[in-house]
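The same subunit A turns up in both complexes below, where it pairs with subunit B and then with subunit C.
What follows is the complex of A and B.
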């Protein structure tokens, strides 16, 4: 028997593509406002790069919320840890052996890969401690979760100041990655942004693969919908959650490395600054939805870049306006995960 | 008589509310036991306590002779207990196929599901084949209930706990459900069925226990209760005639 499509099955419903049209609508609406096609294309690519970095940061948070109903306001501390780890690793690699300082693209990519690995490792380890010490005692208590994880964020920031100092630290791009690619039509794209796009797409593809093609992913998706029922089927959701929390923290660490390189400076408050943005992204996407988080992050990235070009002051609240508009259209986000 | 499941003096509290007040219940191996009682009598709480979803504050739950009230829910389920909650617990955005794969703990992929057993389930619930790739949340109430029960049966389980499967279903669907549960009985399954539909309970039950105010107030053979209208009237406030 073919279990994939047994006889007489009613076809699966069509994929809901309307949220994807939102991205196209934002981009097309911006075209006449920007005017120049080359500028518009450059801004679009920059927006997609920014959106994909934000997606990497936020993807873990949306699963953590969806799976265990945990509001983790301390997610930013993993971003900051990743970013500061990048300053250490890239600094060390620049001094010892000149990996980060050379003109060689391969050497520069190696340096960034080492920084990303270190950032993910330290953020993932911090995630395990954070879950065990702060989150586990407050499962099911939203108000306490907000207080405790916000407290964890403040303590984390102070610990980062102890380790790396309170001052802003420069995180220059390795030379080969700060080069600009000249694309047809006088469109420009910084090589680092291309790298950020590739990393974001790779993370998205890996998450989709795990979530949609493996039993582990099926368990995570089911846990997001009805944790209690998954436990009643014999699966220990709490252990699964610890794993998801650590992976989410590691992804935030990776995102922190990318965000730090994107901004080229790192402060202990970098996580807190991004925190608001990523909560907006996961609300726009639908809490617990990876695809929604992806589309939401791209929409925020595009809008931030267009608004930054057209009306810089409006860029400060453009994502909030986007969230309000999306919630008026789809009150549970672009891809609602379903009633819990 | 050999009992697969026994509850001895079980008390369950939810916050400040004391729901169960010393429940004593025995479920014989290979039989279908019906738990009857009015709304709020404690039937659902009893099932949830057995599954470890709510902790027994006092008393013990024994499964095949071993105490299970200290175990967590996944560990209890892995002993071979399957639970169909009152709200069916369907994963709405997952397909019928994915719901069943999830319930088959021994299968990592679809290919590892026992196809003979799946065919048997398709025979009992043809709608599952028809809507195999469809999101379970879009099924009708009856189809969802069938999926919930099929999920509990996708692999052999030692005890099925089913909470009010007929609730909200059309009479024709209830008849289908009764047929499916009869088939389950023929396979010598042990079932604890919570039900308010007395006609369904009478059609299926070997044993019956009646709850009131968090206690078991009557235990015995279903045939005895089905024949004793005065007892029905006293315990349940109904008469069999009204259900014929």
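What follows is the complex of A and C.
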């Protein structure tokens, strides 16, 4: 297949920078409210770290929706699976002298990498099963999709309780990652949060690269815009979708590992808790948009940290208020996708 | 007369009619037939859930939108009564109705805001946004412990007329003690009958017809000239108000309220399950489903306890059958019901009746 459209003849879409201004506005608005600049910088960095973790979790969900119009209410299962896998792997490595127990950065990073790989693997495998058993029979039926995936979420949560027990499990950070970096101006940043930011940015860059620079990405983007046309051209969109679903689940597993380490505790309800957060993120971003999901996640992360510092009770509703404001401004989300 | 009372929405199946008559009669005579404290408890919960599930069906079955905030409205009603009564110390009916009124106002406002915010753009947002709002609200309720009692909940006394210690007659009549509990049960029964009949009236009105049109094809309904946003939002507000009243009924019966009894995710799942099993889009299904589910929940869980104890030593089987894993089975049942049994009990029975009517050539 030759796809040599003369690139020059297609006008490049103008980049829409307003949503980025939203991020700057949130951060700048918080500065006088927080008052202290060092505090503000610490909160901002923490917010960006949280936002990037949320982005890793939500990116798969938004792509799955964009590609096949499937809204998966069971995405939280993959998050919980990743987080619990991390407790098992890091727990096994945390015994004296293990990779996660020593004061060595390289060994600790290795332990976290092992936990992340295990989490991604199991979440990805669970994603394949989930897609085959629950999602495939109800393609194209929104109401049933919501019901069945909700049922899948409940069953998944119960199975996790069976495997790891219903109680809260501690997930301490390896010693070298729980250190605090002292940046100039008394700004503090936990090393793990720096790692989370790097991973988040890496995932974002990799997703953009695959989506914008490869044939596979071209097909996914085309499928998001107009699935029937891509199918008519002879591409197996369904198989593509299964792949995207599994990768999305694996990313949620990775995000779950990081979220568990961020909170340092894991409960079986972690999936349901994060689920509500990522729903807000993908609505803010515009269902199906990767960039929108990125900006939405950062906005939610920043706001959660500022609000948690300024008014802890109001923080519960801060992201809902943000979503309401965004929907009043742009009813289809920050970066609307296609004409669905 | 009876037809008009039922809004001409008849069971349309002889076995279904028989089951419904049986359920209603059993509920009407429950204090005499099943005088035990526990069985009366089950009967009262069936009454509350018939209203709650019926109102949820207005959303899920008739309007075709999924809300995860229905338990939140149920909880608002329960907390309205609970907070008003526990503040009053020796509460009378003004406290109960004051609390209910405040709860109704809050529910209406929240339902309106959620509806306008999410249904304006896309009905799909509704499910996600209700889930987020309900989660945030539930956390708020457990944090505002000075007002709501937090996770421990609130115990309170109810008006004198329905207090268990109030005795109206010294001797039992036909095996039933005529005390405050007896009066409370019939208060619930009367409220449930009125509310379910009202729901039947709503879904069989022209308004209910428009809701069903929106469920089948919202684009077309809009094209004919019905403002789908307005209809869906009104449906959401009505359902929320009914759920609030059901919550108040529940609180009055239990004389206790906590996040677990009125706002938990488990109640939301039970609602989904009962609507699907009873039959989406039929108020009768809500009644029948509630009765079946409550009986199963109260008596099957005992069975599970026995089974869990019997197989306690077998590694996997024991863990799977433990009563703590009740939700696992409910979840599996729910998924299977959505796949294999989407019309529910009422749908199946009606389809059977329609088949028989066709075979015999009689007009249905």
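Convention: the second predicted complex is superposed on the first by the 326 of 340 C-alpha atoms of A that agree within 3 Å, B and C clash if a C-alpha of one lies under 4 Å from a C-alpha of the other, contacts with A are read in each partner's own complex, and residues count from 1 in each chain.
We adopt the following convention: a residue touches a chain if its C-beta (ideal position, glycine included) is under 8 Å from a C-beta of that chain, and two chains touch if they have at least 3 such contacts.
Small disclaimer: the values here were computed from a predicted structure and weren't measured.
J.: Which partner chains sit in contact with A:272 here, subunit B, subunit C, both or neither? Use first/second/both/neither.
T.: In the superposition, A:272 contacts subunit C only.
J.: Report for A:32: first if it touches subunit B alone, second if subunit C alone, otherwise both or neither.
T.: Neither partner.
J.: Identify the partner contact of A:184: answer first if only subunit B is touched, second if only subunit C is, both if each is, neither if none is.
T.: Neither: A:184 stays clear of subunit B and subunit C.
J.: Once the shared chain is lined up, is A:159 touching subunit B (first), subunit C (second), both, or neither of them?
T.: A:159 contacts subunit C only, not subunit B.
J.: Please name the chain, subunit B or subunit C, that touches the greater number of residues in subunit A.
T.: Comparing touch counts on subunit A for subunit B and subunit C gives C.
J.: Is A:324 touching anything from subunit B or subunit C once the two structures are fitted on A? First, second, both or neither.
T.: Second partner only.
J.: Please name which positions on subunit B make contact with subunit A in the complex.
T.: Of all residues in subunit B, those touching subunit A are 51, 53, 72-74, 77-78, 83, 85, 89, 91-95, 97-98, 101-103, 105, 107-111, 113, 115, 118-119, 122, 129-135, 137-138, 151.
J.: Quick check: in the complex, which residue numbers of subunit A touch subunit B?
T.: Spelled out, the residues of subunit A in touch with subunit B are 1, 3-13, 215, 218-219, 221-222, 225-226, 228-237, 337-339.
J.: Quick check: in the complex, which residue numbers of subunit A touch subunit C?
T.: 71, 73, 134, 137-138, 142-144, 146-148, 150-152, 154-155, 157-159, 161-162, 166, 272-273, 275-277, 279-280, 283, 287, 313, 316-317, 319-320, 323-324, 327, 331-332
J.: Taking the touch rule as given, give the residues of subunit C at its contact with subunit A in the complex, in rising order.
T.: Listed in rising order, the residues are 60, 64, 66, 117-118, 120-121, 124-125, 127-129, 131-133, 135-136, 139-140, 143-144, 265, 269, 272, 276, 319-320, 324-325, 327-328, 330-332, 334-335, 338-339, 342.
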